[in-house]
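As structure tokens, here come the structures.
Each of the next two complexes has chain A plus one more chain, namely chain B in the first and chain C in the second.
This part shows the complex of A and B:
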């Protein structure tokens, strides 16, 4: 193995990228855009929920409850009163409101008689998570009202609930999203970039220069790999500074460990792209394949959106077979939990194993000749 | 006639590209299946442990009130260091703590508390866990001592059990459709650029505009074909999710949307010289229109400027309309507004993209 030959490949790749202005700008713009759009945009908290009321009772109590909702401006927005059941269907179907409160006849009367006074809340279930959050808001509002009424009657509830959020004391979801998005961006961008590294030479025919030269396939692949990792590391520096300064997330662990783990993860992403690249002979196929194979599993199964602890067996198996799961655990450990070093190194070790597995596969399948 | 031959050429070329065909099939089948079955943003089987220092009838009764569909009771923990370890290893979403003499104090009328510790490093489940846990605890306490005078009966419309399966399946399908509509025409055009075929077209009697239009239309047609396969095969047959408003209605809307998306794709093709640029630009266009569509973040939660901008995202009308057809059982006749706006955007983008692309060559 000659270092000089590897270096030649690296220099060639970097020159090619730095000469191609559009590509150079977009390669960095994509991860920046991912960070901004998902970091700021992925708000799972639901606010200003529009709702309407159908009040058959027209009583003081029903009006009181509606105003309790309407005054909570941060969460609810009253759009108006409805006149009949037919309208409920219309406003929910058109998406004008997300829920409708319905007060039946003699709602107040039942309450005054000491019976349970029930009213209905119809929630649009098109977006299930939003529906569940809205449901919990409605419950909380009703409970507050109940407690207030009990207090008026002199029945104090002598038990509070003390809620504490660990690792993220103010439950600032933006910080979790920013760190999670870092894991996603650092997979997609490097993998998509590397996915074209070999196949572009196949399409243009310049791969024949490689086939006929004295460079070995190990040297060739290492050259491609290192140039991919180099570009990815620059992407990491840009996105990390966004996390630190733009989103204001300060890691509880140290930056050196973070960088070591990240290089391992970037190597996995690049190795995956190059594996795809060595398999296919069309750039379009390599790109779309890499995009689909990386985006969906890493967003859905890594613990980015849903907790790993509530996955069923099949999903848990999926989670453990994708590198983003380990990297995300590593990132959360460094940024939020200040996990002990052996926890962190375990994840880095697994990532290095992934890298060697993917790289050996590429080495095995890549042939320095045309497959007939 | 010339046009038909061009269309035929594009379609044959697509099917000869085994890699592309393979990934298209994967994206419209297994990928949607994985997204639909793998993830549930709502609280499902949230693992929790209990640190019970009271071990009384009431404390055990309280734990039994956590419904198994939402929560998953994993066991008891003894000391605080175990709690830390459980949360560190992501073994639990939350911990419920019941202090000593909980039952005694409640019965005597002294003040006491129930602790809820939530793993704040989880995104979707941390809020729902604490909200549901508080609601269950309050209900238990008020129900046990006084009858609650007020009660809201919640009913979830269109999707009674609030399962994420339908939503995830359709939103993944819409994303995949957009990805392919953006990429395929641009890739087809840039491939000709890279190989130098474009020069031949320029000197031939063939009109460049016609040549480009054939690419956009054939690729749009292919995506609609794959959408049909996904709707009938993956969604209705394998996942057993009915397309409530009808497959045909869904496809008509998709067809109109295809004009808008392939129009954008031609813009990408116009500025790109090689596939690296196409790939990066595709993602660059895809992400904002995905975001502005409102499927990640409800539009009413976005900042005002973005709310206003979202009216320009064709995907917003497409997603709104498609979800209404698929989940809310609306027929396409009732979506005239969506159709008009989408048609308008589609024609505009398609014509502009085609013009721009032709001019650049």
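This part shows the complex of A and C:
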């Protein structure tokens, strides 16, 4: 292995990139856009849910319960009262409201008689996750009201619960999403960039210079790999500063550990892109192939959108076989938990294992000749 | 010792589904300049790739410096001795790197020692005339210069075998000559060279030739061997040339028009006998490779069908172009060009890539509007689209449709009913040799057939003026002849005006008049004979070719500028 040849490849790649304004913009613009689009656009919180009321009872109690909902402005937004059942259909279908509360005749009367007073909530179930959350909000609100009334009647509660959130004290979803998006962006961009690093040479024909020369495939691949990791690290610096300054998330752990883990993760992404490029010969195909193979699993199974703990067996297996899962765990450890170093190093170790596995596969599949 | 030894070589693509090279045998001796020649798709590149070990071969035997390229590990060790320049204008260069940086990169790839690299780089840059451009980005070079840089890069590590895949395709004649000079220079220095080309006239420059078509060998040997055949070749010219051509078919299978001259392979007695009452002169000439080639394959007589007779008569001046300039931003593609084309003429725009030929055609037919100047087609300034037919550089065919579907589509664009298209196809398909391809998907057709279909689609509405943009790149002489018989036929029989662009200098000889362009300007205008005569007066060479005319004219025009 000659370091000189590896260096020649690296120098060539970087010169080409930094002299090509279009390529440069694409390389950095794409991750920035991913950060902005997902970081701001992906709202998993269910808040300010619009609702309407159909009150047949017109009693003090029904009004009291409605105001209990309406006053909780963070979660609910009362759009108005309905006059008839016909209107329920309309407001739910139009999406004007997400749920409707219906109070039957003699609602208050039953309550005063000591019977169970029932009222109905109709929830828009087109988006199950949201519907579930709304249901639990409604439950909680009603139970709160019930408990209050029990207390007023002089009943002592058997037990009470005080909750506090750890790691993300204000329970700010935006911060979690921003950090998660960092993990996604740092997989997609480096992988796509590295895939094109080789495929562009196949498309133009300059790959024949490599095929026909005496440079070994290890030297060539290492050269491409190091160029890819170097450029990816620049992407990391850009996206990290977005997380720090734009989204205002400050890590509890130290930046050095973060950088070391990130280099491991970027190496995996780059190695994956280069592996993919062994199977494609057109830039368009390599681009789409790499994008799909990175976006889909990393979004669905890494714990970015769905908590890993709520996955079924198959999904859980998928989660553990993709590197983003470990990096996301690592990132959360650094940013929110300030996890002990051996916890973090375990994830970095797994990432390094991924890297060697992918690189060995690439060495096996990459041929210094055209596919026949 | 033989540098390359091939026996019954078979090279395939797509896991054996496409056979590119089918049983080729040849050998290349040390110090040879070996030329592989054949039309596009003949299998030239595949052979060269197999030799350089960048593509495996399927069957047969191949040895390069005694090693088998299919044994990857062993072959890696001798890759330092080989250099491969792939096909495509500057495609293997790094366009964002400067000339010097490109050479440096190649030197590093092969691990050339620093001192030696600097010395050799300087030498190569000086020989190729690139020294003063060494800081220029490779992407900003002209086609010819890119190819020369490619050769520099290939030679930096002093290979023993230099393999060049179509180094002169798409390069202007001036640069072509320089590239061949370079090849000879390094060949004299002991380098073995293997070159592929689709230009028949280049084959004669090799010490050994292998002529291929569709993956098979047509013939091989030295140029002397190949042309030292007992062929009697005659050039006929004079007033009754059309009739002479007609009669020549009765005794020869390869009569060919070359401009206003007729070239026939035949015995002298027979030829004089059938032409005796005609007003023509007959001159015996030396056979060239093309004669050998077409005799081997045979030409086909093409009848021009009545369907292609234009429905509209155009005036005597079919096209007039007055002071036309076309600019794209700061770049002037066509610079103050004026000329007229008469009805029924075959008129050629001749010039290297980037001379402005395609822009000029597109401006005339109204795809671009001129920045300055006036254009009249059939005495109209616009609304002439139904009078013209246009065949673009890349053949505007839909590759996933069948031949007949393509034609119907084109017909409906010009308002020709599908039933009428079918009728035309049925009546012309056998004389064009297209009958059996009617229901074939276009992308599976050989290039020559695609070209005929493209021409047919441009003719389907019987236009009075036909524009053809580089119609014959990469097809073999037989296909080319069929094509020109058709063109000549519609022009002579029906008075259809034909405008054609080409960078094949030989092709220009089929035309009545030639407009030579370089860098957007007209550098010469006249009949082939006029142009040759003009140049002959200032040169001592006995036989002037169109290429000589071009080189002379370019040098003259560039001289004026400086």
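Assume the second predicted complex is superposed on the first by the 369 of 372 C-alpha atoms of A that agree within 3 Å, B and C clash if a C-alpha of one lies under 4 Å from a C-alpha of the other, contacts with A are read in each partner's own complex, and residues count from 1 in each chain.
Rule of thumb we're sticking to: a residue touches a chain if its C-beta (ideal position, glycine included) is under 8 Å from a C-beta of that chain, and two chains touch if they have at least 3 such contacts.
Worth saying up front: this structure is predicted, and the values here are computed from it rather than measured.
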* Return first, second, both or neither, reflecting whether A:252 touches chain B, chain C, both chains, or no partner chain. => neither
* Asked: With the two structures laid over each other on chain A, which partner does A:214 touch: chain B (first), chain C (second), both, or neither?
  -> second
* Name the contact category of A:20: first (chain B only), second (chain C only), both, or neither. => both
* Determine, under the contact definition given at the top, whether A:58 touches first (chain B), second (chain C), both, or neither. => neither
* Please work out whether A:369 is in contact with chain B alone, chain C alone, both, or neither, and reply first, second, both or neither. => second
* To do: Determine, under the contact definition given at the top, whether A:12 touches first (chain B), second (chain C), both, or neither.
  => second
* With the two structures laid over each other on chain A, which partner does A:73 touch: chain B (first), chain C (second), both, or neither? -> neither
* To do: May I ask you to decide whether A:204 touches chain B, chain C, both, or neither, giving the answer as first, second, both or neither?
  => both
* Does chain B (first) or chain C (second) touch A:92, or do both, or does neither? -> first
* So which positions on chain A get touched by both chain B and chain C? -> 20, 204
* Would you pull the chain A residues touching chain B in the complex into a rising list? => 20, 22-23, 26-27, 29-30, 33-34, 37-38, 41-50, 65, 77, 92-93, 95, 98, 101, 111, 114, 116-133, 135-140, 142-143, 145-147, 149-150, 155, 157-169, 171, 173, 176-177, 180, 188, 192-193, 195-196, 200, 203-204, 279-289, 291-292, 296-297, 300-301, 303-312, 314-315, 318, 329, 332-333, 336-337, 339, 343
* Which chain A residues qualify as touching chain C in the complex? -> 2, 4-5, 7-8, 12, 15-16, 19-20, 204-206, 208-216, 367-370, 372
* Asked: chain A touches which residues of chain B in the complex?
  -> 17-20, 22-24, 26-27, 31, 34-35, 37-47, 72, 87-93, 105-106, 109-128, 130-135, 137-139, 141-142, 145-160, 162-164, 167, 172, 176, 179-180, 183-184, 187-188, 191, 194, 271-284, 287-288, 291, 295-298, 300-302, 320, 323-324, 327-328, 330
* To do: Going by the contact rule at the top, pick out the chain C residues touching chain A in the complex.
  => 11-13, 15-16, 49, 52-56, 58, 72, 76, 79-80, 82-84, 86-88, 91-94, 96-97, 101, 104-106, 108-111, 137, 153
